[in-house]
Structure formats: C-alpha cells, structure tokens
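Here come two complexes built around subunit A, the first alongside subunit B, the second alongside subunit C.
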Partner chain A sequence: MIYFIADLLALGAINAIMAVGLNLQYGQAGILNFTYYTFVAIGAYVGAVTTMGHPPVPASEETFILQWSLPWPVALVLAGVVAGVLGLFMVLVVIRRLRSDYLAIVTVSLGFIVWDLITNYVPLFNGANGLFNIPYILNGATASETTYTMEVFGVAMVVLAACIWVVRSIFRSPYGRVLRAIREDEVVAASFGKSTTSSRVWAFVLGCVMAGLAGALLVFYVNAWNPQGFLAEESFILMAAIVIGGPGNYWGAVLGTFVFVEVLSEVERYLPNFGNGALVGAGRAVLIGIVLIAVVRFRPDGLIPERWLHWYRSPLRGGPGGEAGSQPQGGRRGRLGMPRLGQRGES
Partner chain B sequence: MLQINDVEFSYGGSQAVAGCTFDVPDRKVTGLIGPNGAGKSTLMEMIAGGLSPSSGRIVFDGTEIQGLGRIRVARLGIIRTFQTPRELTRLPVMENLVFAAPRQIGEGPLQSVFGRRRWAAQERELRHKAESLLEWVGLTRLREEPAGSLSGGQRRLLEIARAMMAEPKLLLLDEPSAGVFPAVRKLIAQRIREMVDQGITVLVVAHNMAFLSDVADDVVVMAQGKVLRRGSLSEVRADESVVAAYLGGGHVGGTS
Partner chain C sequence: MNQLAEAVGFGLVDAAVIALAAVGLSLQVSVTNFINFAYGDFMSFGAYVTYAANSAGLNFFPSVAVGAAGTGLLGVASNWVVFRPLMRRKSRTLILLICTVGLSFIVQNAIVMIWGPNAEHYSVTVGNALHLGPFLFTPGDLILIGVAFTLLLMLHIFMQNTKFGTALRATSNNDDLAQACGIDTGRVVMWTWAISGMLCAVAGVGLALETNSLRPTTGFNELFVVFGAIILGGIGRVYGAMIGALVIGILTEVTAMFISPVYSGALAFTVVIVVLLLRPQGLLPGRGRSA
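Let's turn to the complex of A and B:
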C-alpha cells in the first residue's frame, strides 16, 4: 500500500513537470504542441544512453549510441538541454510560417517522424526493443522498491519546484504578459512592438527542456524505455490534463496531472472489462473524453482558471506591483462573478 | 511628421490604393474620410506596417517605413487602434494597459526569471501610469475585469488608453467613434484633443461628421484609392466633387 501511494506520487510529480512545461507552451504562449511527449521520450533516451555505459556483452544484444556512464545529475541536465535544442530546431522550422492549427498538425507529423526514426533505426536507441537495465540513481540498486520510489519522488519534487519557480517568474514578469498577449492576439502584440516570434520560440524551448528533464527522471525511475512508451496518445492525455486543470495556470497543470492522469490511470483496474481485457484501455479513453467534455462544457477555464493567478497578484492581496491600500472597487466579487469565457457575449 | 508619397497597393487584381500622396502635419489631427472602398483602411494598414505598398514611399520622421513590418513600425512610435476593437479578451483591463508600455525590462525570458528586482520596480511605475490612464478614460472601476467583458464603447476607450500607454508619436485611429453612444463619442473626441495638446500627432479615419468637426484640424478625402481633396471639414463638405464621390452624391453628413 505504501509502495502504491509512493508510486503514484513519484509518477505524479514526473508527470506534473511535463504538464508545467506543456502549460508554458500551450497555456501561456498559445502554441498547440501535440507532440510534447516526443520531447519527453528524447529526454528519456538521452538520460538512458548517457548513464548506461557499455551493455554487458554478450548477455545483451542492445545497440545504442554514446554508451556513456555519466553521473545521473549530469545526464539529467543533458537530457533537458538536448530536448531543448531539438525543440528549438523544430520550432524555428515551423513557427515562422505557421499559425496555431496548422502548427498543431505539423507537430503531430513531426512526432510520428521521430517515432518512426527511433523505431526503425536500431543502432540509435535499439529500435522497437528499446533499452533495458537503465541504472538506478542514488542508492536504488540496493534499496527496497518503496524506498527507491520515495527517493525518485523527492528528486522529482525538487525538479518540479524549480520548474514551477521558473514558470511562476515568467507568469508574473513582463515576458509572461507578452506571451499571453501573443496568445490572445498576435497582431495586437506586434502592433505594440513586442517580439512575437522570439517570445514564442523561447517559451517553446523552455517547455521542451522541462519535457527532457521529466523524461530522464521517468527513465531513471522505470529503468526501461521503448517506443511503446511514447505513443501519440500520451501527448493528448497531458493536453487534456492541462485543459482540465486550467490552461495558463501552472497550479492547474499540476492539479490536472495529479487528479486526472493519476486517477484515470489507476481507475483502469476498476473498470469492467466486458469479457475482453482490451476493452479496459478503451474504457479509459472514453472516460477521459467524457471528463474532458464535461469540463469544457461546465468549466471552460478549467478547475483553477488562469484569472485566479491575476487575483493573487491584485492589489487586494498586496501582490508584486500592487499598491497596498488602493483597493479596486470591483473587488473579489466582481472577478469571481464574471461571465464565463466560453459564453461571453460579444457586443 | 508623416509623408505618404505616391503609395499604391493592390489586392490581387483590384487596386485599393492608387497613387496616394499627402502628409500628416506635426501635432495636428488629420481626418481621413471617404466612401467605403476608398482605400482608407488599406492605407492605414500600410502605415502601421501590416501591409507593404507595391510602390511608393511612406516617410516618418525622416525614415522610410514602408514594408518594415508591424513590430519595427510600432517601435518607431507609430501606434494604432483597430477598426473593430481588438483587446486581449481574457486578460484583465489592467494587463491590457501595462502590456502596451514600450521598452519594458524583463520582456526577455532570461531577464524575466533572473532580473526580477529590476522589473518589479518598473512594474509598480507602469501600474501607476496605467491607473491614471484608466481614470482618464473612466474605466478605473473595471480594471480587474477581463477586457472581453467590456461593452463596445468601453473597448474603444480602452484602446485609446492602451495606445497612450505605448507613448506614441503618431497615433493611427481607425474609426474610434464607430458604434458608440454619443456621450462617449464626445468623451473620445475630447481625449483625442488632449493627446494633441501633449504633442501627439493623430491620423484618424472616421465617418461621423459631427465627431470629425470636434477633432479634426484638417481633412483628407479619399476616393477610389486617391486623394480627392484636402482642407478643413467645412471646405471639403462644400466641395461638389466630394459630395459626388459618396455613393449617389447627396448629403455628406449623416451618422456613422
């Protein structure tokens, strides 16, 4: 039971890092990236091949590049850097010419290209068989499963805290405001002299770095990785978690993953299988769809809307930039009682 | 301040602006009028950098700006409002204003994370300035509301305040009085005059003659992509060719 909870927490923290990164891309910068999990996979592979060393010959027939045995913190950073660089490359190719929905289509196809490349080019990351025996970090080799899980949870929480600190700083800063402005209306942002392209590029790259970090942590935790681990579906689940948690709100992303990804991945074991085990997975997908539709219908801004962050910043709370004592007349009631975005009347 | 020199632009086969030449004098409000399809909005878009003229020059403060693109034009101090107000709907009114301030510290990703102390001080100043602009247009009460919940007239006022926040040298107003209640229209006209008193040059497209007579020092009439006439509003209204240019001729006045 303790292991079960620890496992949930560790995976939850790792997924939350991904969600925070994707939320920076989608929620803040408005870049619809449907292949986010590809960058998680890249981080995972880099984390693996830079710590595994040479495979034990001849017991293993694994073939992969690098075969380094770096200390895990270095591998972790490297995973983030590589994912970030590949993200930069991808975004520079597509972002200048494409706008939201077309960009989304391109991200999907790029994800498939990477998936096919890794699956079919065996010398790179051992193809479809994937990598096994990825070393434990810390004292994982000797500690009990539960202890190791708790340790990974600890490390993941540190990384998560760092990521949240970064996105929180960005959210509150003029840069974050420029990102939101671009998300709302790129023409307006440009008409006020804001660098629309470079702002979005850096938000995208930072999000990919977080994906890489999460991927490396995931692979240190599960000790194996193959192309079945990053099917396109994973990116959609993360996206759904953000939409449910509250796009634009980093706490929403965290809540979305812990509540949604975690609960729904565990709910599988309670779903009826109708005499066919394969239906359980399908049942989960249906459930995700239903929850998503319900949230979009009844709470279009997500469980914790982005505006709650503005509320924390408002002068009422004496947040940064607010002057104490100058209370807005609209006050709290006005903000919470505002019309829902999905239904606001255009006059 | 701004010279438009034989500027042309075509959408596919149809020539929207066909050799347009006039200048916008410093610290004056120049009105730009003309029937629908005269090329006013296209011309405004070219000045703002959204479209590149197929030929001709646009000179601002001695620099040629045609084809520079929106961002660089805006950084030179040419700020525009939109024909249909385009505020950042899901952001609070306050953010809509503060965002517009030019040359902010912390607009880059690195500064935003590591230069917090520097931008936090600037942030306080900008909010202070935004507060006074909100008061100026009478939207103080709504400052934490999402801009998307504002009414049409309030959006026009917000756009004007936002443009002021950007410290413009030249302000391009595209129908700032369209679809607003007469009392608000008066207020907008008054605010535009106050901007000019602060040294801002204004080019305004409008259809409402009452509004134009309140704000414009001088009027340029466009028809079929060319400048038809220039002069004070009363001179222009008396001109037969101008009257004829408006569909079916007749009365130039009327409401927007």
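Let's turn to the complex of A and C:
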C-alpha cells in the first residue's frame, strides 16, 4: 500500500513537470504542441545512453550511441539541454510562417518522423526493442523498491519546484504578459513593438527543457524505455489533461495531469480486465474525450481558470479576473454580432 | 521500368482511396474552417459499420451504403453536439482543434469497446491480380477506382449544378456574406458534415479492402496521408485535394518500392511539412488558407 502511494506520487510528480512545461507552451504562449511527448522521449533516451555505459552483457545485443557513464545529475541536465536544443530547431523552422492550427499539424508530423527514425534506425537507440537495464540513481541498486520510489519522488519534487518557480516568475514578469498578449492577439502584440517570434520561441524551448528533465527522471525511475512509450496518444492525453485542468494556470495543469493521466491509468491497472481485453483502457480514453469536450463546452477556462492566479493584485481591479480576453466575447450572439431570433432558451 | 509502372498502378489505387477522404475533409475544412483530427477515426467508423452490416448478412454494397449513412449521421451528430455550440460562441480555432482530438479519442476507443482491438477482415475477395498493360490490378482495385471516380464526378456535378451546391460554395467562400444573402448556413454546414462523413466512410472501406485488414487505428494512421493530400492541393480547395491525393498516392508507393516501405509514412509527413513551409497555399496557383 505504501509502495502504491509512493509510486503514484513519484509518477505524479514527474507528470507534473511535463504538465508545467506543456502549459508554458500552450497555456502561456498559445503554441499547440501535439508532440510534447517526443521531447520527453528524447530526454529519456539521452538520460539512458549517458548513464548506461557499455552494455553490461556483451551478448545482450543492445546497440546505442554514446554509451557514457556520467553521474545522473549531469545526465539529467544534459537531457534537458538536448531536448531544449531539438525544440529550438523545430520551433525555429515552423513558427514564423504558420497559422496556429497548421503549426499543430506540423508538430504531429515531426513527432511521427522522429518516432519512425528511432524505431527503424537500430544503432541510434536500439530501435523498436528499446533500452533496458538503465541504472538506478542514488542507492537504488541496493535499496528496497519503496525506498527507491520515495527517493525518486523527492528528486522529482525538487525539479518540479524549480520548474514551477520558473513559470511563476515568467507569469508575473513583463515577459509573461507579452506571451499572454501574443496568445490573445499576435497582431496587436506585434504592433506594440513586441517581438512575437522570439518570445514564443523561448517559451517553447523552455517547455521542451522541462520535458527533457521529466523524461530523464522517468527513465531513471522505470529503468527501461522503448518507442511504445511515446506514441502520439501520450501527447494528446497530456494536452487534454491541461485543457481540462485549466490552460494558463500551472496549478490547473498539475491537477488535470494528476487526475487524468495518473489516477485514471492506475485505476485502469487495478480494474479486472473484462470484456474484449481492451475495454478498460478504451473506456478511459473515451472518458477523457468526453470530459475534454464537456469542459471546453461548459467551462472553457478549465477547472482552475487562469484568472485565479491574479488574486494577488485583485484589490486594484475589483476581485479576481483582472486579465481581459480570457473569456470568449459575444457569447450568445449571431454571426453578425446581432442577437439571433427564434433561438431556444433566450427571448 | 516494369516495377515503376506497377508502383504507379498501386499508387493509383491508393490515390482513389486518399482522394475520397481528402475531398471529404477538404469540403468540411472549406466550410467550417478548422482541421478535423477525428476524420481518420470517422473513416474507421464507416469501415466498421460496413463490416457489422456485412456480418449481419447484408450484401457488400448495401453494407457500404449503411456504413456511409452511419458515418454521415456521426458527422452531423458531432457537429450538433460539439462544434455548432463552439462555433456559435466564436471559440478560437485552437479550441476547436483540441475538441476534434477529443472526438478522435472518443470515436477510436468506442470502436475498440464495441468491436475489440483485433484486426477484422471483410468476407469479400478482391479477386486475382490481372495484368492490364504494364499495370497490375485486382478486380477489387478496379471497382474501387471506378467507385471513387463516380462519387467524385457526382460530387462535382452536385457542387456545380445544383442550388445547394452553389450555397455550399458561397458558404465556404464567405459565410457571413452567404448568410446575408439569405442562405441558411447552418443547414449548409450540417449537410457538409453529412457528405464529408459519407465520403470518408467509403474511403475507410476502400482502405480496409486495400490493406486487407481493419483495425481501430486504420483510419487514424491514414489521417496524415490525407492531410498531406489536402495540404498539397491547397487547404480547403476541393479540386486541389484530388490532385494532391494523386501525387501522394503515387509518391508513397514509388518510395515504398524503391527505398523502403518503412519510411513511406515518414515521407508523407515530410511532404506535409515542406509544402506547408514553402508553399502554404498548395501547389495550384491561387490563394490558400493556411497562412
């Protein structure tokens, strides 16, 4: 039981790091990144190949690059850096020219290409079989499972705290206001002389660094990684969790991820497998889809709206909800801005 | 040379399937102005409903009609429940896009819940391969190409020569103006979802026939090839989508034959990215919508 709770907490903390990073990209900067988990995977692979050293058994037939045996904190930082650099490349290529929804398509496509490459090009990260026997960090090799889980939880909490501190500083800084202004209306932000491209690029890169950190921690914790671990679906679920929790508000993102990624998958693991063998997992995904659409429809700012973060300056603005524009304007109106006649429910 | 001709022949069959799906999606995008990530799962849904009707004892072609009708209804229903309220609230494109992802989750996994995760097969045979000139086709392939051609021709006539087709084109061009001219755009949008659903169901059946297996992820995996086609042709341009489908279909088969089938998927994605970056309006001249 203690192990179960510790496991939930450790994975929850790691997922929360991803949530905070993705939320910086989507919630703050308004970049729809549908391949966030690719960066988590990159972090995981880098964390693995820089700590594993040479394959322990010559006959194990694991082939991968680097084969360094660095201390794990260095590997962790390296994972963040590599993910960030890849994110920088990707975003520089695509961000200038594309409307946000086509940007989303490009991110998915790039994710698929990376996935294809890693799966089919074996010398890179051992192809479809993936990496295993990734070393434990700290005293994990000798400690009991529960102790090790608690230790990973501790490390993840430190990283999570650092990430939250960073996004909180960004949120309250002039840079954060520029990001939100760009998210609401890029043209207006640009006309005030703000560099919309570079602001968004850095937010994206920072989000990718957090993905890399989370990925490395994840791989230190679960000790194995393969391409089945970062299918497109993972990014979609993470994105759904953020939208449900409250895009723009890092607490909302953390909550959404914890409930919809973490708790639901644990419930899935402990439910008996009835029906056609995939019923429970599919039911979870259907549930996520329904909740996602319901939240967008009936509570568009998510369960914990962004405006709750503005409590600290509410006296000047008369209660929570200082920032304009987070609420869609012109709710129940017709296309041309005039109230439509003959609609049910209003007269 | 012979191999190349064969690859082009396979590409034509691919193109017929992709063209049906791409035209359907393009029609929907041009009217509603957002990309639909659930479209691939609509394809799977149509193929599965066809499979169910066929297993229940119906002949194959009536089953396809049932599948098409079912998917058309699914499109209309999702417009009614999900997209219409959001459009009316003038939600941002990003939000609509995320909702289509949610819808994709629901449809794909509902299929798993109903029909199970394993591959299914239609109980029809496509016949033995025939040599037609340099090409190699099965009779099933020929029927597929014929059906696709007929449906697209019918759509063309419908779009150009009926009052409703004109209303549809007007709505896709400028919906506020169309509404000001007295066109009931809500009705146009509804029928667009229905038509696009029907087309993609037929495409889904074609896809399942062509690959001889039907999985819950069949349609979703094809989705980005369809995206590639509509992006090549210019987003929201129905006729461009047909040409895009032809290019993508032949290109993927030729690469599969000469480089490696493993990378043909990656090629489609690369085409998507390169075209979006270099020529976002598509290959045909004129104004597109992506920039």
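Everything below uses one rule, namely that the second predicted complex is superposed on the first by the 305 of 347 C-alpha atoms of A that agree within 3 Å, B and C clash if a C-alpha of one lies under 4 Å from a C-alpha of the other, contacts with A are read in each partner's own complex, and residues count from 1 in each chain.
Following the convention adopted for this analysis, a residue touches a chain if its C-beta (ideal position, glycine included) is under 8 Å from a C-beta of that chain, and two chains touch if they have at least 3 such contacts.
Not measured: the values here are computed from a predicted model.
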Partner chain in contact with A:G30 - subunit B first, subunit C second, else both or neither: second
Touched partner set for A:H310, first subunit B, second subunit C, both or neither: first
Subunit B versus subunit C as contact partner of A:G176, first or second or both or neither: first
Partner chain in contact with A:A282 - subunit B first, subunit C second, else both or neither: second
First (subunit B), second (subunit C), both or neither touched by A:Q67: neither
Touched partner set for A:N139, first subunit B, second subunit C, both or neither: neither
Residues on subunit A lying within both footprints (that of subunit B and that of subunit C): 328-330, 335
Footprint of subunit A on subunit C - complex, ascending: 34-35, 82, 85-86, 88-95, 97-99, 101-106, 108-110, 112-113, 116-117, 175-176, 179-180, 185, 224, 227, 231, 235, 262-263, 265-266, 269-270, 272-273, 276-277, 280, 290-291
Touch list for subunit A against partner subunit C, complex: 30, 32, 34, 93-94, 97-102, 104-106, 108-110, 112-113, 116-117, 120, 236, 239-240, 243, 275-279, 281-283, 285-286, 288-290, 292-293, 296-297, 300, 328-332, 335-336
Residues on subunit B engaged by subunit A in the complex (per definition of touch): 48, 50, 69-72, 74-75, 79-80, 82, 86-92, 95, 98-100, 102, 104-109, 111-113, 116, 119-120, 122-124, 127-128, 131, 140-146, 148-149, 151-152, 162, 166
Residues on subunit A engaged by subunit B in the complex (per definition of touch): 166, 169-170, 173-178, 180-181, 184-185, 187-196, 199, 202-203, 206, 306-307, 310-311, 314, 320-323, 326, 328-330, 334-335, 338-339, 341, 344, 347
